[in-house]
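Encoded as structure tokens, here's the structure I'll be asking about.
For clarity, chains are labelled A, B, C and D in written order, and residue numbers in each chain start from 1.
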């Protein structure tokens, strides 16, 4: 039996293409989960969380991510030079030889000179969401790991969200914990 | 595998293979197509969603939050405001609830101040003018160069025409800079510091009590306010304070509801909100006032006690210079029928008003202050103050008061300069203008202009006048009309970026001091005028440097505040004041001052809270409020003369009336988009000028709402849109002020028209005709 | 057998076999218009709806008007042909196909207008993901989707035998398409029966759907509390209007195709006679509803409604309103009442006038209410921008374009139905007639007819 | 949880209001509303959640002028919520009608259904001069083009107040703690805000005033904005 002629083929392919394209156009504004929508980030320093924070005597999250501490406001924060320097004072005194063995610290030294560290923010709330850290940490007594994943034990720098913080994910927790599910409790 | 269409209609076929193959091909192709499309579409979809997103950099960045108490610099009231900051950015302002004058409120102008702070049109560096004012070319120079330049010019002047020929105008909205400049001039050898004349209606008091400035009206304790075209709820002295106090007054916060009567030709916002609107022919308000006075006298309704004790020239007597006292004047020239004929207000109404005025005590009459295009200012204010004298509310609760100087510590005295005494100082803008034009007593050789824009308003200082002054330095935030004519423009910063002080609230009796600390660092390379003056002084060296030896204006300001601590009465802004200021006894005794604070603690607290207040006011202290030779309230003699009335020029039948919308009352307001959006009052007329015409008049001229018309005066014409407004008096047209800038910035310049150019040179009354474009 | 038939109906295959230069010219013009529309939409997509004439309070304008109009037109086919099929009107046979085609094709453009009107077309899918059934717009979305599916199936199923014919007749690249779509139709008796039942079921199903569609469209307005929208007769009023405009559009199409493809032999005077009468009936019905609607408003004399009423009757929208009355009522009535003018030329005029009129009706329903909202001191004004006008033109062009392509792919007159009519129709009708008549009918068996 | 939710409401005393439009500017500054252009203003596409409506009655000399601050009436029974096909505008348990910008598809049905005309559509993308972007308020999101926006009673302030209250282990005070920008800086103190259900509040007291009325009450939308008419 004779195969399908090319005109026919093209016609069909185009039809399908049109359909799928149309669908995707519509999907354009659909909330795409951050972890596959965004390409992996690059962090300025190969920061090893476990090394800093593991174990009972490890540093608390709030110590470095200070904005998110229980006492101050809503805006998430990343550690700045002075935070690191509180401990790493010797960096400035280290000889280049020593530093060569510790590339991370060598970088840190540069950043001290520059005055800031260009961290890439991994978990970024959308502009239209009101998310107070203290409400969740201090009041609801959530562990950081619940929303940020077990960063504490990561040896590699965080390059992409460990948890996909979608709205449904928020809502589920809010429903379980009987927190407010009003739209405008979080949307602003 | 099953083909979808099989379910659609299960028809047994004739030729199985044929069908099968066909379907398989179909599916293959469909599959291939889908895959291909899916891949291709991913890119497209992302592009699309990208195209629809907001620009990333518009996302407001977060950060640590703080609040700083600062002063508003948009109008003479200068409310204390709290600036909310995120990191280094000021993101919103609100009124300081502890400030007795604004009590947490702010007017649209103040609320829009951030659009001035972050205005793209701000002057960003000192600029030197090259070429003439009409086609200025600006050369950007450094601060150091600027200072050096001024220094050299001043030294040249000192050795040439003499230090006393240097002058300065301004300080209208930056009081600290004003004080600094005055001190600088004194130290340099000149007394020509001219405080900005912000149309303060103190002319009447000047005539009758020979006091100027510091005049206050005690609205909140009054029960009856007779406003003679005073825009009390618009651009009058201190808008926020008035709105609040008149609202309290009308709501009857002392138990009885007050009555506000607005006497005006136009249905203004104030007239609309007033309890009664008396329609009076424009320019005849003074006549109406005397008509009411006549009724008061005729029916013995005035406060005879006060008149007997404290009024001179009420009736003809031995100590009287002029032939007639006020009594004779009003009885002879201003009987209701005659007044009614002139003012268009029926004599019944005049008599009723007089009776209300006499019965609802304390009753207060309020003048409008200087009005461009009206010659009757002196007459009107004198007449109005006469009414106040007759109702005996001079320096009484709910009456006309004189606000007391706060006990600020004076700066160290400076040693007088020889030049200063050489010639009489120039005391007003008109004197400066005269000196510049006539060159006598002497030609001003240099003038500093601080944050004021005389060339835009109806000031006697006109471009050609300014051109005659060899060296003009302008401290300004936006490049306004006056700055455009200056030789050197120095970027001043807004009140949120500098130390600021407020020693009095115009028209408010309560003694208070407002303190503003810089909420954010000076932006765009600007620098506070006060700071520049200090730097200049340092550069000049000698006595000048000695007189202004502070490292920064804040230091000088705090030095003044110490006086408040030492005065040992009054208190730093506090909740207590908000709770208790309504109690009359507070005004009698005030509070024992909190003496526990040390000087520096006191100063820091005052800065943190935003100021200091002393509610005490000693009423009936006539020694200090009646400064006339006779020590009495003197009935002004000009009332005896014929009232200045406007006669329409033939061919120009329409009386022209100006009004100042609140939104554009600040010299810089026109370049703030938020204010342009609410410009126009009482009805919204955003982003443009307009001329209010009465429906009947408009119909007669064949004009409809929104038509473009040309308003022609004998000397000039302007083109603008007609607003057919039922609140406009027949044959009287009203044009808002504040638009029609030729400079200032890209939002303001070239927008609308400045109706003042319809006025003949040097002001004076004008009537117009309207023609359709 | 086959050949004779085919020769007999050869003219029906003409459009699929021969294509003149005129056709290509038409296609060219249409494609250009559509592309221009595409450009207009891209502009709107980039810059936002600011490029339209819409504003506050006139949030809706051309797009919504066109949406209602196109959906109205779509009532031409399926509804008419379904009704005619059900009451076994023999004269329906040559009409059904072109009617159903109109329905299916125009619906896309009806729904398309909603897409144009969205500020965030990229979020259209939300209507399906997060749809809230409390919103009439959601009801619309559902009923139109069903209607589209229903009428498409209806069109397709009734076309299967013809597709088989084409499969066997046309040998060029289209053949595989027909082969696939014909689903191996052989015309066996069993298939015939199944087809008939399928068509019958669909016909019955389609009618309520069609009615629901325009009822729900009307509810988009009627469910709000806005003056002159919040009316309970809007449902039937819109349905009547829809059918009215539908028939007009259908007759226009018939007249054109008849002219172009010389179908005089199939589309006879009698068809236009009947449809003309139907149009006349709808005309009167439409007027009845319009009259009722406006009289109630006027008699009630609610100030808020009266502002709109006067805006339409004497005010800014009077030209539109009275043109509507003229084109929707006076002209068609005058033409259709008179047997002499109720001929093809007259009907053509009437149909055109009705199409225009019905668009104006939608417009005068949507816009004046928004221009004169309840808030007594809020006034609006609306004038469409070039974008809206271009897109309107593009959509009409798009519809004609699709229709023209349809003609090239499928027979525009249902060949098998015509044949069926020829073969069995007469006998059936005689049977039916006998059924109606008392006794045995008293007319003798038509000897030849059956064989 | 169990306890009754507050019902936030506003009282506007027209006797005190002096029509200065301070509320209008305060609102724009607080809620990141982009400055309009003259074109937008003239084609009535200016966004201004708070408006002062002016009505002129009669003719000179008896002309009367009424000023009415008009904002979203936060209806108990909002016509806009029902008609939204995607639930982008919803009534919260605290009586505030919220608008969820990332959900809105921009069909403008709510706007057409609202009898008060207080829903505003982003006809074009919002744009600020770069410098003005400095003064954007991070507590409020910037709306993209093509969505509806409206007065939210400055819900961002409620969110922060609730956050603070929760942190201190109490409920949000029914008066004074959470106040929208317009009320906060009204120079004439003509606006009051609080929990209408809590009888201790000033608003609850003023609502019972004989001057109290609601705009288009006959529609049964039950606004939570109550006006006090001018007494004479």
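Convention: a residue touches a chain if its C-beta (ideal position, glycine included) is under 8 Å from a C-beta of that chain, and two chains touch if they have at least 3 such contacts.
No experiment lies behind these values; they were computed from the predicted model shown.
Each chain gets a centre from the mean of its Cα atoms; the one farthest from the centre of chain D is C.
Among the chains present, the centre nearest to the common Cα mean is that of D.
Comparing the chain pairs B-D and A-D, the larger number of C-beta pairs in contact belongs to B-D. Here the spacing of chain A and chain B, counted between their Cα centres, is 50 Å. For the pair chain B and chain D, the distance between C-alpha centroids works out to 29 Å. Between chain A and chain D the centroid-to-centroid distance comes to 35 Å (mean Cα coordinates, whole Å).
Across the assembly, chain C contributes residues 120, 122-124, 176 that each touch 2 or more other chains. Multi-chain contact residues of chain B (touching two or more other chains) are listed as 18, 22, 25-26, 48-49, 52, 54, 59-60, 62-63.
Annotation for chain A: residues 4, 8, 25, 27-30, 74-75, 127 touch two or more other chains. The touching residues of chain C, counted against chain D in their complex, run 47-50, 54-57, 59-60, 114, 117-120, 123-124, 126-127, 130-132, 134-138, 141, 220, 223-226, 370, 373-378, 380.
Per the touch definition, chain A reaches chain D in the complex via residues 31, 74-75, 126-128, 130, 132, 134-135, 138-139, 178, 180, 182-188.
Of all residues in chain B, only 52-55, 57-63, 86, 89-95, 102-108, 110-112, 114-115, 117-120, 233-234, 239-240, 243-244, 246-247, 250-251, 257, 267, 269-273, 275, 279, 662-663, 673-678, 681-684, 686-688, 694-696, 725-730, 751 touch chain D in the complex they form. If you check the complex, the residues on chain D that touch chain A are 1, 90, 92-94, 96, 98, 100-102, 138-142, 152, 155-156, 159-160, 162-163, 166-167, 169.
Interface of chain D with chain C (complex): residues 43-45, 53-55, 70, 79, 82-87, 103-109, 111-113, 115-117, 120-125, 144-148, 216, 219.
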